[in-house]
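These are the structures in question, set out in turn.
Below, chain A partners chain B and then partners chain C, in two separate complexes.
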Partner chain A sequence: MMFCEKAVELVRELQRLSDGQLPAFNEDGLRQVLQEMESLYDQNQADVNEAKAGRTDFIPSIKLRHSCLLRNQRCVTAYLYDRLLRIRALRWEYGSVLPANVRFHMCAEEVEWFSQYKKSLASFMRSIGGGEGLDITQDMKPPKSLYIQVRCIKDHGEFEIDDGTVILLKKNSQHFLPRWKCEHLIRQGVLEHVLS
Partner chain B sequence: MFITDIKKDFYEVVANQRVALLVAGDIDALCACKILQALFHCDHIQYTLVPVTGWQELGTAFLEHKEQFRYFVLINCGANVDLLEMLQPDDDSIFFICDTHRPVDVVNVYNDTQIKLLIKQDDDLAVPSYDEIFRDEDEENEDDSGNESDEGSEPSGKRRRFDEGAVERRIERQRARREWEARRKEILFDYEQYEYHGTSAAMMVFELAWVLTKDTKDMLWWAIVGLTDQWVHDKITHMKYVTDVATMQRHVSRHSHRNEDEENSLSIDCMRISFEYDLRLTLYQHWSLYESICNSCYTCCHFKLWTLNGQKKLQEYLADMGLPLKQVKQKFNSMDMSIKENLREVIEESSNKYGIKDIRIQTFGAQFGFKNRFLASDMVHAAAALLESTEKDESDTDNFIKALDSLSRSNLNRLLSGIDLAKKKLIAIQQTVASCICTNLILSQGPFLYCYLMEGTPDVKLFSKPMALSLLCKYLLKAFVHSTRNKRCKLLPLVMAAPKDVEKGTIIVVGIPPESETSDKKNFFGRAFEKAAESTGSRTLHDHFDTSVIELKTEDRIKFLDALITLLS
Partner chain C sequence: MDAQSYHPVPPGVGTEENFLSLDDILLSHQRLPVRTECAFPRLGFLDRSSDSEDLPEGTKMELPLWLSKGLYERKRRVLSVELPKVYKEGWRTVFTADPNVVNLHKMGPYYYGLGSQMLHFDSPENPDIAQTLLQTFIGRFRRVMDSSQNAYNEDTSTLLERLDCLEKALFQNENDLLPASKYY
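Moving on to the complex of A and B:
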């Protein structure tokens, strides 16, 4: 029987979903690998004691089992780490609240890790931008300008922006507003981005 | 109050605030608006831009936005009326006014808290001093009552004598007050009698950009176009125009020193602005030379091209310069290079021979790319034609946006369509002028000349707009002065009326000062129209920012005119 097969299967499972999807946490597979590692370790312990007593012909098998252990360890850490990287990417894709089906695929520790990462990112974002904070998850590339010039194509009435101030969107009036506030109105066709 | 440090008292005040920009409907205002927008973009100052075409729209825009904005910037509107009285703002609204209309209302000058004027204090203003107009009334009454109570405690024997003294003093004080009030009325009347224009708003805002060292060539070009608009629409005197051109010339040479360097010169696509001593032929580089000569006010009036003699003289003139008709009638860009090379000098020489002095005028031209060359006056005419275009289904604000867009370099299509519209407008103006002169439609009413465009006149729709009608007025007066032999009529101002809104039954009336070489462009028709309307009870609408343009009900035309004649005789 081949050692480390289960571990390699864990890795292969992630490799199959190379587009960044998060499969369900393979708790069974992980447990099996850990069990294998435990049994290998116990066998090695026994053999090491023998080898210390003088039976040097056990040394190759000790070496073999040791390298299997290392291999298993490497595969398992790769598995866990790759999953964490995928979970981190989810924060940038979905925002701070994950959809239920994705959360279902995460184990408890991974959920814990995710909330810690969220906190870290939030405190970082709060610290930049001159004390006001800057939401860097808005644009993947640095935007050309934080504010854009928009023209109102049809009457939309009053429109509230972040700090509570209200803007009256009347036809043919032009405004200079923060980019993220205008995006969905531009998509709706109420505002038109003006390039001068 | 007048702002002295435009950077500290205006720009740094609005730096972290949101601003409402209320912009009037003339090209100078549009240029100033463009420069200010560019500065705001640079510094991320949030703003909202609202075009306003008259006092009513200004009032509406203010009401709509007063909850959301504390700072209002008014461009080319608001200086010549008591703004606080008209808008009734809250105490924390602050108005920054950059306006060329003069005289500036005295309340705006002396208000220290809410009105800040972005105008230079020495800009031809002659504001009466504070003491001549305002007076603390309370002091007066206190003095009187104080004296009376003192006298009450005196013994009765002396009281009668003291009473007489007190009564005499009171009578003296009242007389002094009446005198002061009469003098005040006179001073205010003199101050507010004539309407005229000061330094271009675009130039003021460009100066702000320069002080902030954020000025670019685009902003410089807009400032130049703003100044040229004042000259094209005859708002400033020739002296002032020349002085302001000299100021702009300094900025132009500062921006263009890189062009001289052979090794590191700019790419051909960059904007280059140059000082030109160019011909006074409107749009000649985008038209044929012949058409331009026929439709430019200056040449048309001097040759009297509405007469047969005039046409013949024009042919002579062209022949004298050695320009073949075939060349001259085709598009300017397709003319032979050999003709185009010395064209300006040749035309100047010939014009002097024919008695047409000053065919050349100091102005500026811009070039970006190989094909795109524009003179400042070309842009003014194009933008003005777009701003007042009378296409159906286009509201005033649509036109405003189109005209604003045409001033940007990236919207060449807009600009070229504007030039086409401008050509049509100029042809219409010349044809109307020709027909008015030939059919003697201009009548002398005594103190002024009068012309009424009937409803069926071709292209009369174009003249329902104030700028177009004023331009027509100016050209008509010039043509009239050249064609009439009556010496007295040459010195008269002109009042013109044209149908404005057929459904509502109103006409638009415009008055311009007399035509002369040394005219100071001061227009008294604003006050005259007001008084005439009051005395006859005519239904008028004084909505336009220039007080010399009003809207009047067609039925009241005759009595309004009669009142005006009586008033001015």
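Moving on to the complex of A and C:
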């Protein structure tokens, strides 16, 4: 038996998903780690009192439990931080509205964090581009052309482009559209870029 | 999902770990053969083969790297850490003779990472260990990169099996760029 096994499992859970996808928030696992930390802390409190009363031979054990507390703290912090990195990436990959199945995987605090991040990013984007603002989440790769051929993979209903025209995005229909209007829909899997 | 925007905390360089790096946390989970140089009251349960309540001085057991690092003290007798076989003189000679021969995945898989961490424990063999790690990497690097860039023309699966994690990451990086460079 060794301490901090549950904590490292949390880390493994994320490390396995190297492509950046966000798994469900492991509330249960987190609770178990925090419980272990409380238990270690309580045992150390008891031993510290004994050590102060003269039992200095308890000190190595106190140090060992303290290492375990630090280890658990490290694993939990890394777990939460790495999840935020993934959530931040979602803003850039999916846009400002997250699909429901992704939001499901976030805890309340992470949803709040995403909302704050969106606001920071939006106010930054408004402040650049000479007073007009600049959407830097578009055209992240240098585009080859302004208009692209796309095929609709899922029904998405009506879609308005800049000149007021309304396009019906029905599954399997193909359209020739301005790139900047399509990028988010491509990333969300609604449209697919048809490469000739 | 396109991994472009997700940039995890990378592992540390050399003997330093990055606190928030998932890879470093998993690396430091690896177990090392140790000997306790003092007693640990009420922690006997950490040694599976013993029944006693306390963990006595002189116990030979395995502890994870993170705990070994946490407990080790240069000036005090708390723990002595034994070098895993692969970093000892016997294996070092093999690596020096021909670094490409060895299956580092089987011997590791964190051969370089763990080897760098072993330098924390003040073994008199440290300079030799460090030297071997470096020379082995240099000796194998060329073949790893060559194979990676030729992946379209070669079957690289046998090579991949024998790489440690660091080499695999380098291989992967090169490999991911292949379609782009072919297009170019």
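In this section, the second predicted complex is superposed on the first by the 140 of 196 C-alpha atoms of A that agree within 3 Å, B and C clash if a C-alpha of one lies under 4 Å from a C-alpha of the other, contacts with A are read in each partner's own complex, and residues count from 1 in each chain.
Methods note: a residue touches a chain if its C-beta (ideal position, glycine included) is under 8 Å from a C-beta of that chain, and two chains touch if they have at least 3 such contacts.
On a predicted model such as this, the values are computed, not experimentally measured, just so you know.
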Partner chain(s) touched by A:P60 [first = chain B, second = chain C, both, neither]: second
Chain B versus chain C as contact partner of A:K119, first or second or both or neither: neither
Chain B versus chain C as contact partner of A:Q15, first or second or both or neither: second
Which superposed partner A:V166 touches (first chain B, second chain C, both, neither): first
Per-residue contact with chain A, leading partner among chain C and chain B: C
Touched partner set for A:Y147, first chain B, second chain C, both or neither: first
Which of chain B and chain C A:A89 touches, first, second, both or neither: second
Touched partner set for A:L70, first chain B, second chain C, both or neither: second
First (chain B), second (chain C), both or neither touched by A:R187: second
Common interface positions of chain A, toward chain B and toward chain C: none
In the complex, chain A residues that touch chain B: 145-147, 149, 151, 165-168, 170-178, 195-196
Sites on chain C touched by chain A in the complex: 1-9, 19-23, 25-26, 29, 38-43, 45-46, 48, 63-64, 66-67, 70-71, 78
Chain B residues touching chain A - in the complex, by the definition given at the top: 18, 37-38, 40-41, 44-51, 64-65, 67-68, 395, 397-398, 400-401, 408, 410
Chain A residues touching chain C - in the complex, by the definition given at the top: 1-2, 4, 8, 11-12, 14-15, 18-21, 43, 47, 57-58, 60-61, 63-64, 66-68, 70-71, 74-75, 77-78, 81-82, 85-86, 88-89, 92-93, 140, 187
